[in-house]
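Look for subunit A in each of the two complexes below; its partner is subunit B in the first and subunit C in the second.
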Partner chain A sequence: MALDDRKLSATEERLAAMTMPEVGCTADARQAALARVRAMGLPGRRDEYWKYTRPDTLVQPKALPAAVFDGDETPLFDAIDRLKIVFVDGVYNAGLSDELELEGVQIDRLEDICCQKNHWAEDLYGTLETNGQSPVERPLAALNTAFAGDGVAIRVTGKPSKPISLIYIHDAEDSDVFLHHVVRVENGAEATILENGPAAARFNKCMEIDIADRGALHHVRAQGRDHERRAATHMFARLGQESVFKTFTLTANGVMTRNEVVLELTGDDAIAHVAGAALGDGDFHHDDTVFITHEGVNCESRQVFKKVLCNGATGVFQGKILVKQSAQKTDGYQISQSLLLDDDSQFYAKPELEIYADDVACSHGSTSGAIDEDALFYLRARGVPHGTATDLLTLAFLAEAVEEIEDEALADDILTRLEGWLTRRRHG
Partner chain B sequence: MLEIKDLKVKLEEENKQILKGVNLKVEPGTVHAIMGPNGSGKSTLSYVLSGRGGYEVTDGSATLEGNDLLELEAEDRAAAGLFLAFQYPVEIPGVGNMTFLRTAVNAQRKARGEDEMSAAEFLKVVRAKAKTLKIDADMLKRPVNVGFSGGEKKRNEILQMAMLEPKMCILDETDSGLDVDAMKLVSEGVNALRDENRGFLVITHYQRLLDHIKPDVVHIMADGRIIKSGGPELALEVENNGYADILAEMA
Partner chain C sequence: MAILDQTDVKEGVDQETVDAVREVGEKYKYGWETEIEMEYAPKGLTEDIVRLISDKNEEPEWMTEWRLEAFARWQQLKEPDWAMLDYPEVDFQDQYYYARPKSMEKKPESLDDVDPKLLATYEKLGIPLKEQMILAGVEGADATPAEGRKVAVDAVFDSVSVGTTFQKELRQAGVIFCSISEAIREHPELVKKYLGSVVPVSDNFYATLNSAVFSDGSFVYIPPGVRCPMELSTYFRINAENTGQFERTLIIADKGSYVSYLEGCTAPQRDVSQLHAAVVEIVLLEDAEVKYSTVQNWYPGDENGKGGIYNFVTKRADCRGDRSKVMWTQVETGSAVTWKYPSCILRGDDSQGEFYSIAITNNHQQADTGTKMIHLGKNTKSRIVSKGISAGFAQNTYRGLVSMHPKAKNGRNYTQCDSLLIGDKCGAHTVPYIEVRNNSARVEHEATTSKVDDEQMFYCRQRGMDEEAAVALIVNGFAKEVLQALPMEFAMEAQQLVAISLEGSVG
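For the complex of A and B:
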């Protein structure tokens, strides 16, 4: 289908402002991705998939500037022993990073893929993104594959003793960054990947994750404190037989965030959990868009998304479970809830189930509500001040999502961050 | 201790007068019981005293040791020493019972300018008090009242009372939903807290609870007023003859 003029010109305008990085072995994948972008066109306001989130600021040629958060808060995961890989405004920083050596995992920079013949990641770069373009188009992900300037290739072959931690530092107020990571978890291997930081004024990130049979990947991410930052992220994952993928995202602040998660459970008996907690105060728009495809038999998928919104913040959830005819005994669960702390905030939810197998259990629910007045009074009648009581109930609301994080130390870190956010909200 | 004078209360949302001039004085060390037919305003009285929203005080006063309760927020009334044992304790998913108790105890201490209780000290005290109420470690760990039986919920109310050590306790139909054994356990918990400095206001439908928690004064409430007060024998009269005689007598 030919693109309409408006879309065509918006797309060409953006592409004209960009330069494809010099990147040996990924060149073919990048050219193919560029062709996909041209064929699809970049997201426009009239696209059904962008009905609740305006793509303009993510698409326009120039990123809007964003002030860098200036606070003395302890960085997230600070007390956790981990292998640090640091990017400053989207550029790998060797000085701030640890040696990329850890038993049970092979870590290369994207540029290294290009210098080595037959690197394992060559076949993966852009592949899951391409698969994820159907049945719904995700042009910003293709744009990323074409133009990503940096990233890492992580191949998990064993059970590394500590998490691999990707840290995204935002330094320049007008930084416009593309990062693309590829991850392969080999048969029976298991690892934890952490991501945190705002990364840039505008951040487009793509992560492709291929989990082989009996592999397991735990992923915990926090998107940084900067109020004005914008982000469009994609996570594409393919799950083999008896594999496990668990991902949790914390988003507190950020004027615009669109997080897309596209999962394919291809092998039998695989498990995928996707969870998110978002807290928005004021000028905040957060969109979780999830698409889970069940192909294998007896797989489990679980989505738990919680949003706390106030002072005009907006939350969006678009979550779909597609159960193919082959995927008998599928167990799918989806819940998306928002807690609206005032009358000015909004939550849009679009849960979808499309099921072609006849022996499945799929459930979904979505709620939107205020603080429970009875619970609030009960706490206050015991002497807990109004503000503290509201915080307790808000944390209780978020708990179901945070509980999806298996590692207790990581979950505690996230909880501390949530408590800090709530306290700051009350004390300005 | 607690002094209520000519208290008149209507619903905020509709023009309906619930309390039509309640007078009541509870001295330290005494137990007062309020009985009365459904809809007489007993529970409303307990809610208005503890600061629940939805009511409008149109006249009268309520003071605790001279402090104007009606001017205070709910949490400040609690810190001043008022405690309401709820007829229907609220379930709070996601908030651990222990966290809830410790937050409440320390919030009250802080409001009164006292030192907060350390985690270790708190644990020691709560375990000892929970044991006498037959509340096990699991109930302390679970979210507040979630999945608790009726009896467990009421025992949990008494545990909170024991931990917070209020000056004035209001028990709103604490006997509802309790079997005989549970009622005995709860009553023992209440009786253990009776002392010369503490006042109790026990709201109940049945004389049975008053066999266990022996009142000094019994009030009969009807149509938003206390229409008759007397000794424990008044409760027996209600038990035997119902409210009809008393209501007729006062009419």
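For the complex of A and C:
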């Protein structure tokens, strides 16, 4: 279908403001991605897939500035032994990063894929993103594939002793960053990847994850607290037989966040868990868009999303489970819930199912409401002050999502963050 | 039928359900045709056709203008493509927009003057248009209705209403029940005030088309404080070939009134698909209550997907007054393609909307149906219960919207939708939209069995049932509950479906 004029001009305007980096071996993938962007057009306000999130500020040629948040919190995951890879405004910083050496894993930079012939990641770069463009288009991901300036290629071959931690530091107020990571978990291998930090004033990140049979990947991320930052992230994952992928995202603050997760369970007996906790106070728009495709037999997918919103914050959840005809014995579960702490906040949900196999169990639930008055009364009657009682109930509400994190130390770290946020909200 | 016989039904799916679905899809009982001399407007859709329809209905100038405005808008609209429906493009110029039996050229004075062939048609459908008789459907039902139970019928045949029964008796109660064409002539003040006020002329592609070309339909006005003395019903019959039916129904329930309204529809079996695009508008003032029940049994096409009705319907109730209440109940078994979302605008404080639906698709049928609950007033409540069953190569989609506006303080919604697939060549889909814009509103969307009514649970448990058995009983009982919400006149259709159980639902 031909693009309408408005979309065409918005797309061309953005593309005119972009420069393609040194591309080397990824040239073909990038040119193909650019062609996809031109064919699809960048998201517009009228697109069904952007019904509840206005894409304007993510699409416009120039990023809006965002002040760097100056908090006094201990950095996240600080006490956890990990291999640090640091990006400052989207540029790899060797000085702040650890040596990219860890047993059981091979880590290269995106530029290595570009200049090394036959790099293992060459065939993967842009491939899962391309697959993920159907049946729903994700033009911002294609834009990323075309223009990403930096990123890492992580190949997990064994069971590395510590997590790989990607840290995104935001420095310049008007930074506009594209990062593209490629991850391959080989047969039977297992790793944990952590991500944290605000990254930039505007951040477009794409991560392609290919998990081979019996591979396992744990992923925990926290998006930075800079109030004015904007982010559009995509995570594309393909799961082989008996593989496991578990991902959790914490989002506290940020004026605009769109996190898309696109999973394909291609092998039999695979397990995918996607969870998220979002806390928004004031000018905050947070959108979780998840698309899970079941192809293999006897796979399990689980989505748990919780949002706490106040002072006019907006939460969006668009989740879809697509069960293909081949995917018998699928067990799909999806829950999206919001807790609205005051009258100005909003929650929009579209929990979808599309099922073509008859021997499956898929359930989805979505609720929205205020703090349970009865529970609050119960706590108050036992002498718990109002603020503490609200915090306790809010934490209990979020707990279901945080419990999706398998590693206890990581889960504790996230919980501390949640508690800190609630306390600050009450006192600040 | 062949497809279901070859289908390997998964464990957990109730055999009785499969049989019931088979039964529904097996033989279309209403596929015969009435041989009757018809007159048609020329094929295609132009301004002249719109004028001609208006002219045939002897409409005043303002109505003609209204239609022409709709037609002008329609020409600028695009056919929507967001539904999960896949059908060949409809050629809107390859249709007749007006067809009426020759014998109806001069409007019959009373039912006695109506062509016996037409009366026989309705008799054969189980809808005798004689006032001393009650609808035939009841005879087959176990329960015998109360002595003297009456149902007033407006019978629409292709583009015209052939007659409305019990008009005199209803008039005594102050109720106006007539064809919409008659209402435009006889009660222009009411029609002018309310027509298009719930579904605006440019609401959507099909509603706009309907606004331009609707030929007939029913009109109901229930005055303040009146409980309509009998159930009202409209029976739509498409008979002519290549002819679309575009009926318009307008129901106005004034303050404190009550009416139960039924709608039935059938069409002959033909290889070529036919178009049906209706609009139903319901206005409810303070304390009014309307029950609107539909058994949609248009010809679904044959087992290879040939023929069948394309059913594009816009139905909407506007609860304008405080404490008003509307209830939509629908049993959808017919049509090749269904695009239908009976909706409630809960504008008045404490108003309530309910939607109960069973949609059964078989062979190559496709249904994309659901509801919209727009909560605007305080303390508004809505409840949605939707059951979709898909068999053969059919696709069945629930699509719904629950919207809580900032002023809808203490709004409540509860939604439950279940789908069942029989065989692995069909599909069942759920596309709910939930929009919450105030924190005192509570919205719950469930596709699981965990939210059954506590009291019912307690009752079952008290009688020694374990929890699982109790849940199963209550949930499966629900399909029956939807059917029982249907008025007696649909007993025959409903009886066929009581064997349906949602055991083995997928989500």
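The criterion applied here is as follows: the second predicted complex is superposed on the first by the 428 of 428 C-alpha atoms of A that agree within 3 Å, B and C clash if a C-alpha of one lies under 4 Å from a C-alpha of the other, contacts with A are read in each partner's own complex, and residues count from 1 in each chain.
As a convention for this text, a contact is a pair of C-beta atoms (placed from the backbone, for glycine too) under 8 Å apart; a residue touches a chain by one contact, two chains touch by 3 or more.
Every value quoted in this text rests on a predicted model; they were computed, and no experiment measured them.
S.K.: Figure out whether A:A2 sits in contact with subunit B (first) or subunit C (second), or with both, or with neither.
M.R.: Neither partner.
S.K.: Using the touch definition from the top, say if A:Q325 reaches subunit B (first), subunit C (second), both or neither.
M.R.: Once the two structures are laid over each other on A, A:Q325 reaches subunit C alone.
S.K.: Now for A:V384: first (subunit B), second (subunit C), both, or neither, which partner does it touch?
M.R.: A:V384 sits against subunit B, while subunit C stays out of touch.
S.K.: Under the stated touch criterion, name the partner, subunit B or subunit C, that contacts more residues in subunit A.
M.R.: C
S.K.: If we overlay the two complexes on their shared chain A, which of subunit B and subunit C does A:A16 touch? Say first, second, both or neither.
M.R.: neither
S.K.: Classify the contacts of A:E400 with the two partner chains as first (subunit B alone), second (subunit C alone), both, or neither.
M.R.: A:E400 contacts subunit B only, not subunit C.
S.K.: Quick one: which bits of subunit C touch subunit A in the complex? Just the residue numbers, please.
M.R.: 9-11, 13, 82, 84, 404, 406, 419, 421-448, 506-507
S.K.: Under the touch definition given earlier, write down the residues of subunit B that touch subunit A in their complex.
M.R.: That would be residues 50-53, 73-75, 77-79, 83-84, 86, 89-95, 99-100, 103-105, 107-108, 111, 143, 160, 164 of subunit B.
S.K.: Can you list the residues on subunit A that touch subunit B in the complex?
M.R.: Checking each residue of subunit A against subunit B gives 372-375, 377-386, 388-389, 392-393, 395-397, 399-400.
S.K.: Quick one: which bits of subunit A touch subunit C in the complex? Just the residue numbers, please.
M.R.: Touch list, subunit A to subunit C: 48, 52, 321, 325, 328, 332, 338, 340-343, 345-370.
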